[in-house]
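One chain, chain A, links the two complexes that follow: it is found with chain B in the first and with chain C in the second.
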Partner chain A sequence: MSKRKQRFLRALGRSSEAVLRGMEAAAERPARLGYFIDLMRSVYVEDCLPQLPEEPAGRPGVVGLYCVMAPEELVYAAGALPLRLCGGSYEASCAGDELAPRDACPVVKASLGSTVLGAPSLYALCDMVVVPTTCDAKRKMAEELSRHQNVRVLEVPHVKESEGARRQWLEQLYGFKSDLERLTGNRIGRRGLAQAIALLGRARHQARRLYELRQGDLPAVRGSEAALALHAFAYDRAESWCEAMTLLNDEIAQRQADGRSAFDRRAPRIMLAGAPPVFPNWKLPLLIEEMGGMLVTDESCIGDRYLYDPVGAVENTMEDMMVALASRYLMPCTCPSFAPNEDRLFRLRQAVADFRIEGVLYHVLKGCVIYDFELLRVEALMAELGVPVLRIETDYNPEDIEQLRTRVEAFVEMIREKKRKGVGR
Partner chain B sequence: MPVSRWRWLVLTLSFVLLTFGGLAGVHLGSYLPTFACYFVGSDTYGGACFLATLQMALAEGNLAGLFAALTILVVAVLLIIPLGGAWCGWICPFAFIQDVLDVLRRKLGIGYVRFPETLRRNLRPLRWIFLVILFVLPLWAAFPLLVPAVARHLGIPFCELCPVRYIMPLFTERAGYMGVSFGSITTFVLSALGVLFAGFTLVGAFFKRRFWCAYCPMVLLLSFFRRISLPKLKKDVTRCTRCEICYNVCPMDIEQVFLERQREDVTFPDCVLCMECVEHCPENDALRLTYGGITLLRSSRAAFSRRRGIDASQTGPREESHE
Partner chain C sequence: MSKRKQRFLRALGRSSEAVLRGMEAAAERPARLGYFIDLMRSVYVEDCLPQLPEEPAGRPGVVGLYCVMAPEELVYAAGALPLRLCGGSYEASCAGDELAPRDACPVVKASLGSTVLGAPSLYALCDMVVVPTTCDAKRKMAEELSRHQNVRVLEVPHVKESEGARRQWLEQLYGFKSDLERLTGNRIGRRGLAQAIALLGRARHQARRLYELRQGDLPAVRGSEAALALHAFAYDRAESWCEAMTLLNDEIAQRQADGRSAFDRRAPRIMLAGAPPVFPNWKLPLLIEEMGGMLVTDESCIGDRYLYDPVGAVENTMEDMMVALASRYLMPCTCPSFAPNEDRLFRLRQAVADFRIEGVLYHVLKGCVIYDFELLRVEALMAELGVPVLRIETDYNPEDIEQLRTRVEAFVEMIREKKRKGVGR
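Right, the complex of A and B next:
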């Protein structure tokens, strides 16, 4: 192992451990969250994947995925293990600085950095890496990655409504299916695919349960904790994740019934909108909670949006299952790489109602033009709904934390003040 | 019990009742706005399609006939209003046949065919043509001012073309009504086309869900009254995530329900109220069935999961069957 890689892993381990330890020490933390903290620790601190045992017959195929458009059902049905690769570490983004233009977003820089270093080792394990063509940065990243890995570009249409685009997307998925079959040597049959759909259906059902539990007046789980548990799906087998999530949900439901919560009832209900916080960049979620905000939901593609939508296959035919997958992985997705993206505004409007949101913290990752572009529309919507918005532009660098703390504190305080006046009137 | 089971129950009972009810003394009249074929035979059927009697009345060519036609229409409309599209989704005996073929296809593991939008659009006028044939040709037969040789043998022209007329009598072995008729050139052409349509329809309904319904003039007639019909499909446009499931499960390939971003009423002209979309919609209250303003059925994630064998309070993974 090169010196550089060792140094990188040590630094990554240190910063990840700091986040995890802080979360472990939090008061009123659900005990069942321990499973997810341990999983993240093994991936980011100990650099091993607990879900990938060395089998005598050779390890199963590993398929790395970027974004949320590649159907994991197909990967499971082919007998391979899907891993989500979008990077969130500051150390990796520094390693990627020289591989991407200065204005590229840190997700892309971190992913490139980790790939080139081959660390954490999950990046080096992948037999195939799937990159959907979402934003420009991800597309160009795919090109750069292909110098180091076996990259499969999945062409995602940017206009969802047109029939031609949807048909082309379905064809892409059929192509992806045969590529997976070629990679693993396993044929994806009706039975296997139906089982994979059912497996992920159970996992998504638990994710949805968590989503609905958190709509309660006093959630028994912090937003940063829920996001971590959802995030862990990226490195886990769906079965084990589903089991752990079921237990966590049961515990949260019990705690809520008992009236136990880490939050103060008067804490402002905050939504973290915009670009996804990717572990270990847990800066904003932790900051909101530290400053007394009740982080109730986010719209992150590796958080609340990751496992929200279900696959609606009704027939046991390959055609129907493929159509259902194509719909699930394209249509309800509200990634700003789609245009028009009115769907996102409808989803935000519903989230404000469901979670009784009192403030939106709009996260812009430096270089993520598309989330920033939609800020105006989101601000207009939130003005209509009477919800204040705070835009925060940052990257993975921890240096600006003090400055962010002041701004988040002022924002939370402003909502709290508004609330107090509202109650007094 | 999920609503689809109820629908199958009603549809099956209705098929038996309307096709064989006569044998048990059931007679619901021949004014029904649904494809319970008249040619099954009045001693056998429990009720019949009003289109046959309407054409016969029109073809009489006198005031009494026109008055009879008007009466038939009024009765049919009065029957349409309380049930709307449900006549097609829940009652039509020919829908039962098509749905049985559809189940057969699923059991054989063969996927369905979905026509591209352009083809669907191009085939749309077909039901208007059938509607014109239905109302105009009988009048031509009654008043054969032009080409009387053709007009005289028109009989009840839409029925001669209707595939149902060649398929439903198979259940009662009224062989005389089934094949191509060689009585005259007119009847030959009409019945030959009808037999051809019947063949297409049987094969089509196996591969494409509700194949015939896309061309059925009854669906069109019912859609004229959809605003005043009591059952309605409603959508909460904010709760909808546009996941496209309702389109995928729709046997009529109605795309507008998931695309709609403004209106609450999404009872689109082709809707047969089969409720597949409400049953499979994963969002709470995004889709609802209302009857005269009262909600009878609402979509929910819990029902969506239950339908897929996922128990809401389940702990740990569990084996399940996938339909």
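Right, the complex of A and C next:
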């Protein structure tokens, strides 16, 4: 292993361990969260995937996925393991600096950095890497990645309502299915696909349960914890994740019945909107909670949006299932790479109601212009709903943490004050 | 007219007039360039379109176009006038600042600014505005524009080689054709479309003639002048432009035969690559020439790429013509919003050979991450060809001109020195 790679893995391990240890030590943390903390530790600190045999011989095909448009059901049905590759590490983003323009977003820089280093090793394991054509940076990243990996570009329409685009999207998924069959040598049959849809359906059911438990007045799980558990799905087998999540949900339900929570009742209910926090960049979720905010939900594609929407297959014919997958992975997605993207405002309005949101922290990842473009519209919506918005622009560099702390603290305090006065009235 | 709009038009007029007057005063400028200078003056200083009747009654439909993917042939065949709206004014980009994120590119900011102000008035004249889904910023801009204008989004595939995408692109053009027919009340017939293709063909023939004349050892037209003449096509009727361009080309040919040129033979032959300079942002073309560089070509979508590629219709059936248009407006386009975009490297290699390029000035417009992404690959190509590259990142703000002047001067001097030594050997 090269010196550079060793140094990188040590640094990545250190910063990841710091986040995980902090979460382990948190008061009133659900015991069952341990599974997810351990999984993230395996991937980011110990650099191994516990669900994969160490010997290449017995290993299933591994399919790396970017964004959330490639149906994991197809990967499972082909007997392969899907892993999500969008990068969240500061160290990796530094390694990717020389391969991307200064103004590219850190997700893309980190992904490029980890790919070129082959570290953590899940980046080196992939037999195929799927990159949807979501945003400019992901498309240009795909071009760069294809020098190092077997890249499969998935053409995602940008106008969801277009009839022609939807048909073409369905064709893309049929093409993806064929490519998976070629890669693994396994035919994706009707029965196998139905089983995979059912498997992911069980995972989504548990994710949905978590989502609903967190709508309670005093959730027994922190937002940073829930996000970590959901994020872990990216590196786990769906079966194992599902079991662990069932136990976690049971525990949370029990704790809520017992009135146990890490939050105090007066804590402002905060939503983290905008760009996704990708592990180990846990800066904002932890900061909100450290400053006394009750992070109740997010709209992250690797958080609360990851496993939210169900697949609506009715008849279980191959065509019906493929159409249902195409619909599930396109229509409910509220990534700002789509235009128009009114769906997102609809979802946000719903989340504000369901979670009784009192403040929105709007995360702009440096270089992600599309989330920043939609800020105006989100601000207008939140003004209508009487919910204050704080825009935070940052990247993976930990150096701005003190400055962010001050701003988040002031924001949380402002809402707390508003609440106090409201109660007094 | 609002105070703000008046102030804006005065400022726009002042900065545009400064550019045009400088070009008028330039030594050895072809006399026939006057037509194009006057046209740009009408649009940007006097705020009128000389080719349009002042009274709305006799006015044809006006179709505003962004980027270069919507076939102007269809607009002409519908009896309407196409105008290009991509904005190049600093004043307009300031007006658009509040509607776009800080890191959005100035093209989008200027376009938004001019739309909201309705100034210059060509932005207020459009009966329909066509926005292709090229890059993130254009897509989000389309969403914003649709609050003010009748916006028609044109879905452009991002993977040119994809069979399904090409079919969908053809369908998009059929849809665009229907929309134009509905807008104007004119049916686009086989004959009308063939005539429009022939009309644009004549314009392209003249653009191509200019392109080839400039490959001479000592071109009788400056790069800044050629770019202005091509740019003027955006606001002219194709017939008038074609006549004026024929005369300009005749004059240039004559001057070259007479050995007259504004350049001296030892001036380094420079290509302006990367993002397009959009009028009145003539900073870089003028700077290259001021510093003694011979700007011989660019790869701008509103410059040398604008009218370069022919439409390959053979049979003149409606289907054949539509397929030819779909192909012409997609396949040769080397906008970095496409991925993969190997075609661009092929074109650049060709241009270096055809124009005997000795240096490439690579223009990165602040916020245009995709051109910056491709810099690495262009640098590698140019290193192979032995051509030095200077990356210049700037926006429409004139304040960095002194700093840019120093850098461009050093670059031109470096090539001149290299040339001198090469000759001495």
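We adopt the following convention: the second predicted complex is superposed on the first by the 420 of 425 C-alpha atoms of A that agree within 3 Å, B and C clash if a C-alpha of one lies under 4 Å from a C-alpha of the other, contacts with A are read in each partner's own complex, and residues count from 1 in each chain.
We adopt the following convention: a residue touches a chain if its C-beta (ideal position, glycine included) is under 8 Å from a C-beta of that chain, and two chains touch if they have at least 3 such contacts.
What you see is a predicted model; the values in this text were computed from it and never measured.
In the superposition on chain A, A:Gly216 makes contact with neither chain B nor chain C. Residue contacts after overlaying the shared chain place A:Asp320 against chain B, while chain C stays out of touching range. Touch criterion met: A:Asn341 reaches chain C, while chain B stays clear of it.
By the touch criterion defined above, A:Arg139 lies against chain C but remains apart from chain B after alignment on the C-alpha atoms of chain A. Shared-chain residue A:Pro50: touches no atom of chain B or chain C. By the touch criterion defined above, A:Leu99 lies against chain C but remains apart from chain B after alignment on the C-alpha atoms of chain A.
When the two complexes are laid over each other on chain A, chain A has residues 167 in contact with both chain B and chain C.
Against chain B, in their complex, chain A makes its touches with residues 160-161, 163, 167, 190, 194-195, 197-199, 201-202, 205, 208-209, 212, 239, 242-243, 246-247, 250, 309-310, 312-320, 323-324, 327-328, 331-332, 342-343, 346-347, 349-350, 353. Across the complex, chain A is touched by residues 106, 109-112, 116-117, 237-245, 247-249, 258-259, 261, 276, 280, 282, 301, 304-305, 308-310, 312, 314-318, 320, 322-323 of chain B. Touching chain A in their complex are the following residues of chain C: 99-104, 133, 135-137, 139-140, 142-144, 146, 153, 155, 157-159, 162, 164-165, 167-168, 171-172, 336-337, 339-341, 364, 366-367, 369-370, 372-376.
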